[in-house]
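Residue numbering begins at 1 within each chain, and the chains themselves are lettered A, B and C in the order written.
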Amino acid sequence: MEMPEYFEFCGRVNLVAGHDALEQIPGLLLSMGAKNLMIITDQGVSRAGLVEILVQSLDSRITVRTIQDEVPPDSDIDIVHTLARRYRKNTCDAIISLGGGSVMDTAKGMNILVSEGADNLRAFTGAGVLKHRLKPLIAVPTTAGTGSEVTQVAVIADPDHGRKLFFTSHFLIPDAAVIDPRMTLTLPPHITAATAMDALSHAVEASICLAENPLSTALAHDAIDLIRCHLPRVVNHPDDPAGRLALATAAALAGMAFSNSMVGMVHTLGHAVGSVCHVPHGACMAVLLPHGMTYNYHRTQTQLADLLLPLAGEEIFARTAPRDRAQKAIDQVRQINQGLHLATAGAHAVRLKDITDKNRQILVPLHRLPEIAGTALGDGSIFYNPEDLEYDDCLMVLEAAFHGEPLDRSSIRKG
Amino acid sequence: MTDLSHFLCRTKTAFGAHALSHLPFDLSGMDACKPFVITDQPARDAGLHNLLTAAFKDSDMALGITTLTDFDDIEPLYHLFVDKGYDSILALGTGPVVRTAKRLNLAVCMGPEILRSDAGPQQINRPLLPLAFIPTLPSDGCETTMTLVLDRFFVSPFLSADLAVVTPEAMLGAPDNRILDAGLTSLAVCCQAFVLSGSPLVRPHAATGIRLVMDTLLPLIQPPGQDELLCQKAKKNRQLPLAKLTLASVLSGYIRSHIPDLNTYLIQVSGMDMALALIPMLDTCKGASPWPGKLLLPLTDPDRYTAVPGHLRPEAAIQTIQQLVRDLSWTLPEEVSHGDA
Amino acid sequence: MIDFMEILPGRQRLKRVYLTLILWFFGRAIQAAARVDHGVKSEFAAMPGHYTFCLGAFPNGPFMVVGKDAQGRVRYLGSSTANRTIHLHLMFKSINLLFVTLTLQESTSTANARDRLFVSGDVPQACAVVRVMDLIQVLLLPKFLAKLAVKRYPDWSLKRRTLVRAMVYIRAVAGH
């Protein structure tokens, strides 16, 4: 078993997963000495009726002091400051974040302020700043993708200064992540596909990037296995609760894996595409994942070959000669994408140029690729990528992803 | 997937080279600056406390180092800790050291009366002082559980160490019977957790523990070369596999409390007995779920796993464990292989 | 009677002297390269004016402080962080871990992957500083050593490999 010379692993979250997991929340809160609740969510979740399901699952021992559903799609510092004031005004003592990545990050940011008794979130950026446990925070994900419910980071925009604030601390890991399939049952197929591919990209990159470690890899492989077994069925039968539970669990496993071993160029480029062109994160991940695997092929052949078993299953793994397994793993990801493309009547994009908005307008035009490549160089995940990545390399990969052409391995500069 | 599962491990694991050099930063990240080191005589005799001293150079942190001779009387430690204003505990050693560290932590944070056998029930629902565990040997994993067994039984996530720092440089040499016992105990715990636990988080921890044991146990037990001149080198070469086996022990501690019917299967005298008890347990469960068959994957490798037809995998997993036990029995002197040592 | 001793671990003087010297020369090399190497120049050009960063070991150094002033001039500002506004900290978690990297036992990216260092400040600028460090290591070290420090050894022109490298060395020694 290959071991890195040094690694750290921290998964300090109580993962509660099951068909009636929400009903465990009162007990969890009481065990932490909390009963006055603030629920943070967004309008989409609120409109989908998920807040009612959550509130109904609570019992008389818990008081919901306030429900805040104004979190924007990209969390920013203003909403964090506003919510912190409301938390104090309502004398809450615990938080439930109900939503996707933005809601989770907002709740983590707000928790810093209310726990530290502070008014300015900017003072808490960077590592090692938080030194104490924060207020009880329970994360209930409503998408099966980001994994934010188990991670130790929060990213919050600071529009006044035109930058993103990064917060990293073990204290930011929620006390509990409650995975209940009722929270994802209403996701439409193309969003289910995109979010699952986001989770898949977390798992794959956690297994092949520079900070990979045996625990993260084991979590990642289990996540991939769950996604392979359940994603096709859930896309075709969205109301399958067992499949929904499996996908949400996979997202949490993948989240814990990448929270500890980080991600590489698929996210480097994906974040940049999202930032420049405002494209949903999952859609970028699905398109870029096979290209990222190909780019790193020469440095990660062993890890890629190991991924074939969870990605393709036993039969294909056994049938494939060891020397072909790494390439087959990449082909398998393409095949998953292609299957999702067909199952969603083309809504799941397999090329950057196919990603469109509601009005069928292209979101990632060719002429913006240079700007995306430049932006990518400022993303921290670039340093966890096994092969070095400069501007020209980013552009080459983006062009291949735009046209949906596999990267030519001989054109990749090798260190 | 089962209907409902819980899993919580509060301990951050650090493994590998230069791991001790991270400690001052990690402690400072928990607002601690004056650690109290508890160690035992073997670690002290091997000079392991000097490794800590070296790692804390330039950190401005003073270390209080105590070597335990009496593991029962905690009162002098308590007074020393409180009077001198320590704010965190480093447990350098094995089970008794960690048990003392947990007792001390409870006494300091909850009041010493909590340890009295006639004290009423108390809930530990808030963090104690930062506690780091630096193992010096593979063990049965009790150090990294969230329990403390005295006259009374304490259980809380906050009893777990905040950090488990496994580093080859802190590994002491150990007699074969000790290594065998620890390795087989870890294997038994991890295999049973893998098969019986319904938690999706337990299985990856268990699988990693199993792989670590399968990679290291037999090579560690096999007799060393005869050349005396190579002894020092051989000792060095053993430190990394010993650390890996210790990591398996640490992981087995995290997942111990997630095994249903723990008492039925697990409480055995020695690691060898536990491994032997594992076989009928797997035999009983093999028709009930896919997990006894899937156990073959961490026990072997993907090629061997996929080469065996699905319905034969539970039997192949059992045979792999039996083979390991046989190989170990061949390698060890007879009295050790029968668990008498 | 319990066996107890209290130890104040003290300082690692030799390591500190070595690291202080390396960081001193490294800082001056950054200042020099920012004038003569187009790669380093363009990384600094993208940084805001009045920007100061620091590389060092937690908690007591040694440190290397480099700043870019409003006119865009890059300067090595010494080894003290006192009385300065530092916008970006790249800190190794201990002096031992800084020593491991600055003796090329681990590259910066490996150290980063192994959680040996932490960053406080804006991430895009941190990325630029790490790229500058890589470029400086390639400029200062012979190829067989530089390959230990960077992920991919660059394919540079003859001029950059010889003339620019010589100028960086001369300016770093002279302090220009």
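The rule is simple: contacts are C-beta pairs under 8 Å (C-beta built on N, C-alpha and C of every residue); 3 or more make two chains touch, one makes a residue touch a chain.
Predicted model only: the values in this text are computed from it and were never measured.
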Arrangement of touching chains [line / ring / star / complete / other]: complete
Innermost chain, taking as reference the mean of every protein Cα atom displayed: A
Farthest chain relative to chain B (centres taken as mean CA coordinates): C
Length of the line joining the C-alpha centres of chain A and chain B, rounded to whole Å: 31
Approximate Å spacing (C-alpha centroids) for the pair chain B, chain C: 39
Residues of chain A touching at least two other chains: 4-8, 128
Chain B, residues touching no fewer than two other chains: 16, 18, 22, 25, 28
Where chain C touches two or more other chains at once, by residue number: 114-116
Partner chain A, residues of chain B touching it in the complex: 1-19, 22, 25, 28-31, 125-127, 157, 199-201, 203-205, 207-208, 211-212, 215, 244, 251, 302-303, 305-307, 310
Complex contact set, residues of chain C against chain B: 2-12, 16, 57-60, 93-97, 100, 114-116
Chain B-touching residues of chain A, taken from the complex the two chains share: 1, 3-21, 24, 31-33, 128, 130-133, 169-170, 213-215, 218-219, 221-222, 226, 242, 245-246, 249, 252-253, 256, 306, 309, 314-315, 317-318, 322
Residues of chain B defined as touching chain C within the complex: 16, 18, 21-22, 24-25, 28, 44, 53-70, 76-77, 80, 84
Interface residues, chain C side, partner chain A - complex: 89, 109-110, 112-116, 118-128, 130-131, 150-153, 155
